[in-house]
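Paired with subunit B in one complex and with subunit C in the other, subunit A is shared by the two complexes that follow.
Take a look at the complex of A and B:
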C-alpha cells in the first residue's frame, strides 16, 4: 500500500502536515464504518478495511521517521523486520556513551536535571540527523537511499533512548 | 386504539421516513433506554413512569423478573437474584472469585466461564445482561410503537475486548441490531454537544452507585481520543449511604447486633437522608430500635459533608492521577461533565469544580446523560441525519499483543491507536515440515503474559510443510469501530490461507451463542423460526434499500448496462424470494446480491475517496 498515493501526495519526505491532517479528516469521513451502518455486511467490512488503511497511513505519514521508512520501502528498501545491525563504529561509541549517561542518572544529585541535559543533547543530535536524512532522500539514488536507511536506523535508536528517558522521568514523578 | 395502516393490495407500504433507533446505557446499578423523538433525545419510561431500570434480574422457576421488583426481592432470594452483572461480564470464574469473594451466587465450578445455577437452570453473565437489554428493548418498542432499526450500547472506556464482545453478544441474544458500541464518557460528551465546534481537553467525572470513573478525552477535528482513564470499581454513592448509616447507629448508641429489618430500614433512611441533604440544610431521623426504644438523630449539612469528605477526596486523587497520565494540566481541561446520580451531592460538585477551576456541566440529569448521548449517536447511525458531518473516532483502550518466547508480550497495536485499525505480524515455523502453530493474543500494558488479559488462542493450521523458517505466515489483526478484534492469516509464499481456530479465553464462541439463543427461545416460548425469518426479511429490506439508493446515485455512472441489469435482477430475485417463508433460500439470495454488487461498492468507495481528495463536497445534492 502506497500511503502517499492514498492521501494524494507526491512521494517525498518533506510534506505539508496541515494538508495531511485535513486530507485525513476528509478521508476518514468517507471511509469510516459509521457512514456504512445501513449498508450490507460486505460493504461494512470494506469500510473497516479502508478506514484502517486511512488511519494507518495517517500515522505513518505524520511521523517523520515512519514516513522516511515508508518512502524507502516504496523505493525497494525494507527496514522493518530486519535483523541487520548498523556498521558505524563512531555511532556505536556514541550509543554506548549515551547508555552509560542514562545509567549514571541514578547517582546524580539532581536526577531530573541530569535527564533533561541528556535529552537535550539527544534532541540536538537527532535534529542534525533529520536534516541529513532529508537531503539524502531528496537525492533519490540507490546509494543515497542506502545511506538514508542507515540514518533511519540511527534515528530509531535515538527515539528509543528518548522514550526510555521519558519513562525515567515518569518514574521520578511517581516517587 | 391505534389506527392500523393498511397498504393497498400489491403495493408495499412506504418505508418509514424516520428510522427508530435507541441508545442504551447498560449500567452496573441502573440501566436506561433513550431515543430521539421530534428532534429531542429523551429517556423512555416504563408503564409506571420509571426511567431507571435497576440492573437486577431474578430467576424463578416460572419466569424472569427484571428491575425494581427483582431489586426488592434481592434480599429474600439472593442466590437467584443477580445484581450488578456488569462486573462479571467478560471475566473468567477465577477473576470473579478473586475480585468478589462474597457473592451469594452458586457458581458452576465445572466451567471456566462464569456460569451460575439459578432455580432450574444455569445462566451466564451474557444471558443475564440480555434479559436486562430485552426488557429495555420491549419498553422502547411499546413506547415508540414500531420495530427498531438498531441500538447504540454504551460501555466503559476501559472495557477490554472480551467485555466488549460479551456486551455485543448480550445485545444479539436480546434481538438487538447493534449499530455501535460507544464509550460511556464519549456518550456523555455528545449529550452536551461537545463534539460540535469544541476543540480541546475535557474530563468526564462519573460517580455512580457502586463505581467511580474518571476519563480525560481530547477532542480535535471530530476525533474523540481517550487520553487517560482511572477510577475505583469499589467506590460510589452507596458508600455515602454507609457512612451515614454508621453515623446514625453511633448517635443512637446501637452497637453491632440488630435485626435484618432494622438494618434495612436504617440503610433506606440513610439513603433518603443523603438525597434530602443534597438540597436542604438538615434532616431529622426518628425510629424505634429492636427493643422498642425510640431514637431521634439530627444530621445537618455540615455534618454530612464532613462524613463523606474523605470519600470525595479519594475520587479527587484518582482525577489527579488521570490528569497526570493524560499529560495535561487541570487548567487545560476546558469542560468537566458530571455523570452518575451521586454527582447531585453539592459537595461533590463543589470539590470537582475546585480541582479543575471551573463549574462542572450539570444541566442534563446525570443519571440520563449517557443514555441520551447514545440515543443521539444511534439516530445518526440509523441514517436519520444524512447531512451530519460528525464523525466519532474512538481509540483502542488497551494495547493488543502476542505472547513471545519466555512468557513475554510483544505489542502489535499500541493503546490509543485510532480505530478501525489493521496490523500485520509475520511468523515463521521453527521445525521442518511444521504445519501448525499456536498464537496467543493478549490485551494490556504490562510486559509479562501473566499480567495481561488473555483474549484468545489461535491455532494456525494448514501451513504447507516446508523447511524450518521457510514458511512466512502473515497474521493480520483487525480492530473494528467497536474495538472488537478479528484475525486472519495467510502463508505468503504459497498464498495458502491458514485456517484459524478461535478459542476465546473468556467470551463465548459462535456455537455457544447459537445454543443460548435456541434455549432462550424455548424458554420464552417464542418461535425461533419466526424470529430468524423476520431477521432475514429485515436484512433483505435493508440491503435492498441501501442498494436502490446506491444505484440511483451512482449506478449509471459507475456500471455498464449489463452490470446494472445483473445487480437489479439479483435484487428483484431476492425481494421475490423473501416473500416466501424459507430461511435458507433468503440467505442465499442475500449472499448472491452481496457478491454481485461487491465491485460496485468498491467503485463507489474509490469515487468518494477521489472526491474527498479533490476537495469536492461529498454531500452533493
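Take a look at the complex of A and C:
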C-alpha cells in the first residue's frame, strides 16, 4: 500500500501537514462504515478495509519517522521487523550517557528543570538529524537511501529516549 | 505478555550490573543497540593474560528480556576463552530464558554484544 498515493501526495518526505489532515478528514468521511449500513456485505467489507487503510495511512504519514520509513519501503528498503543490531560505539555511548542522565534526574534538586534541560538537548540533536534525513531522502539514490535508513535507525533511539522523558514528566506531575 | 520465571529472576536480581574502565587494556567493551525498540546494551569483559574471561559486567537500558539476556550472558562468559565466548548463540539465550518470538531480538542483542566486545579486545591488541 502506497499511502502517499492514497492521500494524493507526491512521494516525498516533506509534506503539507494541514493538507494531510484535511484529506484525512474527507477520506475518513467517505469511507466511514456507517455510510454503508444499507450496502451489500461485500461493499461493507470493502468500506471497512478502506477505512482501516485511511486510518493507518494517516498515522504513518503524520509522524516524520514513520513517514520516512514508509518512503524508504516504497523505494525497496524495509526497516520494520528488522533484527539487525546497530554498532556505532560513539553514537551508542552518547545514548548510554543520556539514559544515565535521565536516571540521575531523580537526584536533581529541581527535577522538572533537569528534565527540561535534557529534553532540549535531545530535541536539538534530533532536529539536526531530521534535517540530514530530509536532505538524504531528497537525493533519492541507492547510496543516500542506505544512509537515510541508518539515520532513521538512530532517530528511533532518540524517539525512545524522548518517550522515556515524557513518562518521567508524567510521573512527576502525578506526585 | 507474560515473562518466564527465569527472565523475572534475572530482571529482579540482575547479575554483574556495572562497568569497568574501558581504557584499561585488559577490558573489552561491546556496545550494541536494537533500532526496533531503542534498547541499548553495554557488555564489558575482563580478560586475563591467558585469554580467559575473568569477569563480566553489563549495563542495559531496555525491556525485561533485554536485561535478562545480558545478565545471563555475563554469567555464561565467565571462565570461557574469547573464542569460546563468541560461540554463544542467540538461540541458546532465547531457549534458556524461554523468550517469546517477539523478544528474540533481545537475545540477538546479547549475542552481538559479546561479538562486539571480542572485536574491541582484538582491535586493542593487534598493534603489538
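The working rule: the second predicted complex is superposed on the first by the 175 of 175 C-alpha atoms of A that agree within 3 Å, B and C clash if a C-alpha of one lies under 4 Å from a C-alpha of the other, contacts with A are read in each partner's own complex, and residues count from 1 in each chain.
To be clear about the criterion, a contact is a pair of C-beta atoms (placed from the backbone, for glycine too) under 8 Å apart; a residue touches a chain by one contact, two chains touch by 3 or more.
The shown structure was predicted, so the numbers you read here are calculated from the model rather than taken from an experiment.
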Which of subunit B and subunit C A:134 touches, first, second, both or neither: neither
The answer to whether subunit B or subunit C touches more of subunit A is B
Partner chain in contact with A:39 - subunit B first, subunit C second, else both or neither: first
Classify the contacts of A:161 with the two partner chains as first (subunit B alone), second (subunit C alone), both, or neither. second
For A:144, is the partner it touches subunit B (first), subunit C (second), both, or none of the two (neither)? neither
For A:50, select first, second, both or neither according to whether it touches subunit B, subunit C, the two together, or no partner. first
Residues on subunit A in contact with subunit B in one complex and with subunit C in the other? 81
Which residues of subunit C touch subunit A in the complex? 29, 31-38, 40, 42, 59, 61, 104-105, 108-109, 112, 116
List the residues on subunit B that touch subunit A in their complex, please. 149-150, 179-180, 221-222, 324, 380-383, 389, 391-393, 417-423, 426, 478-481, 542-543, 545-547, 590, 593-595, 597-598, 601-602, 605, 608-609, 611-613, 615, 618
Complex contact set, residues of subunit A against subunit B: 6-8, 21, 23, 25-35, 37-43, 46-53, 55-56, 58-59, 81, 173
Within their complex, state which residues of subunit A touch subunit C. 79, 81-89, 91-93, 95-96, 99, 152-154, 156-157, 159-161
